[in-house]
Structures are given as structure tokens and as C-alpha cells.
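There's a structure below that I have some questions on.
Chain lettering (A, B, C and D) follows the sequence in which the chains are written, and residue indices restart at 1 in each chain.
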Amino acid sequence: MKHPHWWTLDVEAPFTIGPRELPGRVWTASGCFAYGLTGHDIAAQDIDSPYAGIGAVVTKTVTPQPRPGNPMPRLVEMPVGAINSIGLENVGFEAFIAETLPALAELAVPTVVSLAATRPEEFGSMVAELHAAGRDMPTWHGVELNLSCPNVAEGGHDFGSSPETVAACVAAARSHLPDRALIAKLTPNVARVAPLAAAAAEAGCDAIAAINTVVGLDVDLKTGRPVLPRRFGGFSGAGIRPIALAKVDEIVREVGIPVVGIGGIDTAEDALKFFALGCVAIQVGTAQMRDPFAAARIVQDLRRAES
Amino acid sequence: MKHPHWWTLDVEAPFTIGPRELPGRVWTASGCFAYGLTGHDIAAQDIDSPYAGIGAVVTKTVTPQPRPGNPMPRLVEMPVGAINSIGLENVGFEAFIAETLPALAELAVPTVVSLAATRPEEFGSMVAELHAAGRDMPTWHGVELNLSCPNVAEGGHDFGSSPETVAACVAAARSHLPDRALIAKLTPNVARVAPLAAAAAEAGCDAIAAINTVVGLDVDLKTGRPVLPRRFGGFSGAGIRPIALAKVDEIVREVGIPVVGIGGIDTAEDALKFFALGCVAIQVGTAQMRDPFAAARIVQDLRRAES
Amino acid sequence: MGLLTPTTWDLTGRVTANAPVSSGLLRLDVELPRSVTFEPGQFAMLNLTGAGQLVFRRPFSILASDGRTMSFLYRVVGRGTERLADLEPGEAVDCLAPLGKPFAAPDAATPPVVILAGGVGLPPLHAWLSRHGRPGDLACFGGRDGGDVPWSLLSDEWRVSVDRDVDIPAGRQAHHGLVTELALSELERDGDPGPRLVMACGPTPLLRAAAMLARDRDWPCLVSLEEHMGCGYGVCKGCVVPVRLDGPGDSGWRNANSCTEGPVFDAADLDWERFGAHHATGGAA
Amino acid sequence: MGLLTPTTWDLTGRVTANAPVSSGLLRLDVELPRSVTFEPGQFAMLNLTGAGQLVFRRPFSILASDGRTMSFLYRVVGRGTERLADLEPGEAVDCLAPLGKPFAAPDAATPPVVILAGGVGLPPLHAWLSRHGRPGDLACFGGRDGGDVPWSLLSDEWRVSVDRDVDIPAGRQAHHGLVTELALSELERDGDPGPRLVMACGPTPLLRAAAMLARDRDWPCLVSLEEHMGCGYGVCKGCVVPVRLDGPGDSGWRNANSCTEGPVFDAADLDWERFGAHHATGGAA
């Protein structure tokens, strides 16, 4: 790839987010690379590993209790992205701490743990336990609070669409996380995201991750009904990139807190657009489901030496 | 096109919206077919006219004063749609009444007039004047209040993102529009659109048009800066279809007011998805800019006789 | 980072052949940059490159792998398979393979096998029979009609049934009716057949019928599911099927990834009641 | 609805030829289902069909129209022109044409013409010269270098200038420098040339230079603008250029659609100060 003149970052150099140094700026997004353990047995001709150069794997979101997720089908492919309704299926916090975290440590996967809960105190206690369990894990770099999943919305509003809720969750987590990066992942399904980002910053957050999926729906022409059993799902992929760039720009310019950009990043060019707006790192979601090497190839394409 | 079994509508049969009967259910969307006068001199081999079977042309939004619009460039093409920042360039209400409306009457274009203003009283007085001027115009069917243009947002919020504003604008217009359809076009750039639709219904609106464009941004890789001089623009086309379907479904199911569906409708299949959710009519925007016959061909493809 | 031994390759291959083998089925041969071994029942996730690229790859069972050439059998059912069918020799195909749990190889304790393959369910069982078949195994294929049956792939070992008995080529035979009926009539021709291992792949109604046939007789049964998939390599949870928590008979259940824990499952482990209302119409076979 | 006489056709044609005519320029011939007449300076909006379809059609000046075949000259600069360049004979092209205001035909009062064409600005002026050219008209073409010049299209009437004087074919001549310099030196060879009508099409710097050359001499000047376009037929307001409200010298301005009020404008009507900061780099020519 030919790099534009303004591009000077080395995405494989360590950089800091809050109290923590992370090894790189291209990450995989939550829910699109499971817990980060699945890529180790995949090989390609021309690239070492799906983890090559990756700054962090953000785990599938973990909730206090295990969740079976939503009924099938859970995915609708669009010409320009996908709509998912996985419903936060996950092993639950206990199994995550007992089994997944040690495996991540063993394989030395650079890890950011994604957590979701429905009450601020739950965030607090999960982070406290995680901190105890991961204290000596050099590859555990931070926590991403998933304040935004539209698939498990209650009462119609996304959890985390009010500044007060965001602030309370961040504060609860922060008090137990002195030495790791604390990132709040915000919902894009609001008129303006800057007030949420400002509340998170105020409450002690180190960075904002944006965006999560956009509420979307597709209709099955055969039946005339929504494809997904729950009607709505989360729209991701290329179709949401303009929306993601707009939300990221809003946060960067109005709040100034470091932003980890997410949304429709398929290629190095897409990643550059987010870095151009000032993102400190980016995450690869839907593209990582299609291509186990998606994030690793973006790193390869952004490598300074090749410019 | 093969029609699905559940499809029974005749999109070329008259139907009512509030106090008014309209001639058909496939319309062109505001801003994507100018004032509806430009299609008359275009021909194709296999179809009569860009107006064939069209239920209404929704005019470019007219404002109290003429507007020069935003600086160029005003359009960014995306792989899956476009971002525009036209900035409501229009001839202004006076010229519209004096010149455009008579021309529309003369050519017998089925017309819905789109209006925007920044205060409810302005909507009221424009509608009153329009009603006086158009009283005897059999092809003038209604007014669409553009309560949603994100390009001329003031203070960051879209005009019309609060139920109170929506209700005030609708009420002001309604009081002067006894015998034509009154449609409120709502912004999708809110967490939930149903409360806005409910406020519009409550204030006497006959139908909701949804959606207008979604706030979006694209970056020029050469410069590293947003492509549009104003950074943000309105994202339209195929990429927003899942979002449009979700918003439409929310309004149909929670409010029950008739909905005119808009957003990424390129083909008859796309239109069917909106009708499947219960829309009473649909509008073709971006596709109409590419293809003068886009809406007319959708009508052709939906024609019952061909099923 | 520690690295496990790679078991799956993400490769870009070139189409060497892509042509119909019956009225409804096409065979795709892809030459990969290296040879990749597989076990019958495993699958590949395929995609086009460039403008034709799909958001998600599509799963296809591996029919055969010969040197660097991997072969598939498919039916056009939607956008992805339409694009596959348009591929010309020389064009690129992204291929992630092999994936998933195979049909196990038989050992001394394995009873004779009854194979029930419907439509595009043929590849894994065709591969299994070629590699592991033993005298006494019974292989049955069910197609829509004689034209739909890929006769050239089916040696005389194969029994064939069709929904409509038209277009049967001279010298070949086809039973009119369900493939499970065909199997039973073959098995019971000489009285009680004794225990069998049933292995089935095809549309969901066929899998249900196979599972019921086995359960009624207390035979073991393996089915290969064609659940919708997103990633195919275990990262998205878009492909889950309900399995009993503690094996057969247990009423608790959990979701299993059909891409990594399957696609081959013990029929008795599946929670058939919960399984796939969305498969009622028979899926893609 | 009353129907005006159609002036523009929306047709799907077939590519009959699509090949380079110089190192940087390609010629595209499209056979339409009917013959369509045009005036030099008018343009067509072109698109691909199927998966390659662009969200917006792209504007291209009409080089020629012969029977049912319409011809274009283009340079690859981005996604759309890349896809155009991939078109093979027989493939479909959507064509909306003719559009826009042409360069007017000369009448008895029209002074001799000076044509200034830069790169892909050639088609409208080439068409004009072929159809309306009179003895005494001067036609100048500016290219990047000798290889970039489409010599086969340029009869001996044409003077040629190049930025870099390499690759000039034997028997042809090219001035090294700007096309406006070339024109001036030709005009002033025999002293004061007397009044001329300047007609220019090409990158914005060329248009500015042409307008200035004419203004300094009080000559009339027509320029064809290559402004970004959405629809090309006047419905989107995506192509506006600032024109003086009451003609030359007026300080008030308004936005004019370059697709319906242009692309050919009287240079004196344009508000050059307001015009196109985004064209600073020279656009697509």
C-alpha cells in the first residue's frame, strides 16, 4: 500500500492508554474473534499468524452469568455488512476467570477484557475480581466496558444511553482498576455521543471505543417478516463506516479523550481514515469474522517500512 | 419480478392519507428529483416517462428565504451510498409559490411540497400561503414537513429531535391545512424515533416520512481531512436501508400512524421490504439521482399484472 | 505468543474447473498454493475476491482433496452460490480449510454403516465411503429426480432414491420415494439387519428421519448439520445448535458451535425439539 | 401529466470498443439502441450495470456520435474510470445523453475561434472543430508529454503543446510549455491578431489562464467546467458553480447548476474567486 504523506504512526510500537502501555494500535473487536484463543491453529502462506502485530484482542463480552444468547438465525448478511443478534452468548464471568483468562495468559495473547452488566456495582465487582486474577498477567492490558449492546436493550433504550449510567459504570470500574487501561465502549444509537464520552472521561475513563453496532433490521422477502426472530439486530461492517467516522470525529473534537475507532474497517485504507481523525487505535470486527488474518494484514499494510 | 405470496397491494391505485386521496404509493424523495419539473424531457426505450405510475413527487425542501447552500464539494460517493451536504439550497418560498407551483400545476405533476423552517410559526404561515395558492390545484396532495435535515443542524442537534418541537411544527401547519395530507419527515439521528412520531400523531399529523439521511463522514486519504468542507453530511442510499427499516418498524409497531418509508430503496425488492413492515407508501431518493426512471421502474416491477 | 500447530490453512486458490455434474449440482475444483489434507465431514469456508467478495465466507463440505486440488459439490441457492457458479477457471477463491469435526474413521468396534446422503449432503459421505468404506456398508443417495442425481460420482455401490422418477439414465436404477425408506428396504430385505451406524447429511427433514430411524432401533447415528455460519472458525457464535448438557436423555441444554464442535454431531446429543425452527423448509439441499 | 418533447435519452448500450489512444487516454465506443444526436460540448452520464454499478453515474463529454455509436475519451483517475477501463466489448453501459448546454455554433458575427483543450478536455472541442470549424480558427491541445497526446485524433490543424517534450512521434510537432503560451505565440506571430472567441476545456488552471488571456484582451471566452456531479440532469444541486447575478462585473452571485446551465459558461459570468478551491490541484485532466 502507498501511504499518504500525513501518515507517520508506527502501529506496532508500544503506546500508552491511561496507566498502561499497549503493544500496538490494531486490535480485534469484541465478539468477532471470540476470546482470542481460536486463531492459533490457523496458518497462511505469507503471514506468520493471525496475531502478528496485533496490539490487543478484545474478548467476546463477558457477563456476570453465562448467557445462551438469542435464537437462531443470528446473522443476516447485507450487501454491505451484516446484522447480528447473537445476544451476548458467553461462558459467564466465573468460567472466564477460571478457564479463559489462564489460557490467554499461557498463550500470551495481548488481551483487553470486554465486560457487560446491567448495574454499575456488577461492573465494579467483576473488575475487582479480574484485577485480582490478572494482576500478574503481563499480557492483560485493560478492560473495555460494553455499555452499548443494542441486542439486549431493555425498555427500548440501549443500556448506557444516558450520561449518568455511563458515568456510574465507569466510576465503579475505575475504582478497582488502578493500573490497566479502562475503556468505555459507547452506543452509536443516540442523537449525540459526545455527552456520553464526556461523562465517561469525567468519571475517570482512559479512552472511548466507538462504535458498537447500529440498530438495524432486514426483511425476508419470502415471508414478509424480519429475518431475525427478535426483529432488530446490530448492523456492522462497511455500511456503518460513515456513521462510525462521524461519531469518532464528534468525540475527538468535542471531548478530546483518546478514541479507539471501530466500524466497517476492512482494509488499511479504512483504518487510516480513523487514524486521520485522531484515533489512538482501531479495532477490526466483521472483517475478522470473514478473514482470520484481517487485522494482521492491516498491520502488514500499515507497516512503515513498506511505504 | 416474481412477487412474494403476501404481496397484494396495487401501488398505482388511489389511497388516502388523512383527508386526501393520493394517486399511488411510489414517490420520489425530497432533494433527489428537484422540484419535479426536470424529468419531462427525458425518454427511454421501454418506459413512457420518469413519472409513469408515480404517486407523488416530493419537492426539494423549500425554506422561507432562498438559500445558496453549502460550499462545494457537496457529494461523496461511498461504495454503498453517498454522503451529501447540499445545505438545503433552494429558490425560497416566494419564488416557489410564484413560479414553481404554477409550473407543477401546468404539468399536472402529483405534488407533495416539502417545507423547512426554524420556527413553528414559519411553518404555519408558509402552509397558509401555500394553501391559498394551491387551493385549486388538483395535483397538489400534501405537505411534508422536513423536521430533520442534519446538514443545517444548529447547536449540534438536528432540528426536530425533541417531541415538543415536532408537535409545535405539526400543530402550526395542521391548523392551515384542512384538506391536504400532512406528513412529518423525522430525523433518524435520535436514540428512539417513536416518541417523535407519537408527538407528531398527537399534534394532528396524517403520516410520518422516515427516514431522512443519517449523519456521516468520510475522510479524503490524500489530505487526511474530511472530504466535505463542513466535515459531516447526510448518509443515504443502500448503506442506510437496515437503519431505515428498523426506524420504520419502530414507528409502525409502537405508534401505528401511517408511515411513508424512505432509505436505500433502489429496487422493487427493497420497496417490498418497507411495504412488508406496513408502510403505506415509499420514496426513492439516491437511486433517483442515478436513474431518472428509478421510481417509475419500481412501479413497473411491482405491477400486479406481471406477477 | 505461543503458537499451536496449525491445523487450518487460509489460502487463496485458483479455480481449475467449475461445471454441472447434474441438472442441479455443480462441481468446483480449486487449486491451492499447497496441499491440504482433510478428514471426511470437514468443510471449507469459501469466498470470492475483489468486487465479488461476500461479507461472510460460505461453508462447503470437502468432496475430495487430491494433491493441491480441493473439490466441492454445490447447488445454487442464493447470492453466494450464484457468484460461485459464475467463476471461470483461473479466477481466485479464498479458502479456509479444513474446518470442523469429521465423521470418525471406523474401528473394529464400529458396526456396518448406513449412509444417508441427500442432495448437497453427498460430499462428506462420498469422501468417507471412498476412504473408509468396508464391505457391508450401505450407501444411499436421495435426489429430486434422475436429472438431479450426479450419476458420474456415484459408483455402483450407491443406491439411489428420487422424489420424482423421471430422467433416470439407461443402466442405472432409482427407487421412487424417501432415501430412508430405500435404506430400510435394503436393510430389511434379508430380515433383521443387526446393529448399524447411521451417518446422514442433507436437508434437515432427512436428518430428523435418520435420527428417528436410528433411535427406534437403538442404533448410533451421526448427522452432519448445515447450520447457517458466519465465520466457520469458532469466533462469532452465529452457528449454534442446541445440544444436551450431559449427553443423551439430559433435559438441560447448551448451545454448541456447529463449526467447531460440529458439523458432525451424535444425533442423540442434539436437542431436536429446540433445533432449528428456521430449518422447517429443508434448507439448502 | 403534460409531456414536453424529450431531449435526453436514458439508454443501455453495449461497448463496441474500449482501448487506449495514448499512454493516458482511452477511447470508449458504445452502441446505443437508437441514434442520439448531440451538440459539441454536451455530455453523457455513464454507469456500469450489475455488480459494478456506481452509486452515481459519471459525466463524460461526447466526442462523437455516429449512427447509433457514441464515443468518449477518458482518463483513469478513480473508482469509476477504473471500472470503465475494465469494460470489454459486448458489456452493458447505462448512458443518459445528451445533457447540458453546448458550445454554440458560430454565426456570421462570431470572430475566429481559439480552441484551448487540455487532456480529457479534448472531446467537446474536437467535436466542435469537426462540425463547426472555419478557416482562421486556431486549435491547440495540451498534453503531459508526447506519449500522452492522442495523435491519431488530432489532424494537422491542431497545434500541440506538452509539459515534457519526450515521446513526440516522427513527423509531428509539439511546443514545450503551456497551451495558452502556444496559442498566443501562434496568434501573435503576424502581429495583433484582432478579436477572437476563446473556447477552453480542461483542468481548472487551464480554464483560469484562458479566461485571463481573454479578459486582458477584451475577447469573449467560453469555458466548459468539469465540476463534480451527482445526477447530471438537474435534480440534486451537487454540481453548482458561482455565477454573477447580473452578468459580467456584478458583485452579487448565485449558484448555477453546471449540469443544466453549463457545463459551458461564459467565462465573464463566472465568479472566479469563489469558484472551486477544491479544484486547486487541477482536477481530472
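We take it that a residue touches a chain if its C-beta (ideal position, glycine included) is under 8 Å from a C-beta of that chain, and two chains touch if they have at least 3 such contacts.
Predicted, not measured: the structure shown is a model, and the values here were computed from it.
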item: Where subunit A and subunit B are represented by their mean Cα positions, the distance between them in whole Å; value: 35
item: Distance between the centres, which are taken as Cα means, of subunit C and subunit B, whole angstrom; value: 49
item: Contacts with two or more other chains, residues of subunit B listed in rising order; value: 78-81, 238
item: Shared-contact residues (touching 2 or more other chains) in subunit C; value: none
item: Topology of the chain contact graph, where touching chains are joined (line, ring, star, complete, other); value: ring
item: Full enumeration of touching chain pairs; value: A-B, A-C, B-D, C-D
item: Interfacial residue positions of subunit B with respect to subunit A in the complex; value: 4, 6-7, 78-81, 83, 156-158, 161, 189-192, 194, 214-219, 221-226, 231-232, 235, 238-243, 245-246, 249, 269, 272-273, 276-277
item: Parts of subunit C lying in touch with subunit D, wherever the complex brings them together; value: 51-52
item: Complex contacts: residues of subunit B adjacent to subunit D; value: 31-34, 38, 40-45, 49, 51, 60, 68-69, 71-75, 77-82, 84, 86, 89, 106-109, 237-238, 286, 288-293
item: Of all residues in subunit D, those that touch subunit B in their complex; value: 1-11, 33-34, 47, 54-57, 79, 94, 96, 227-228, 230-231, 233-238, 240-241, 254-255, 260, 276-278
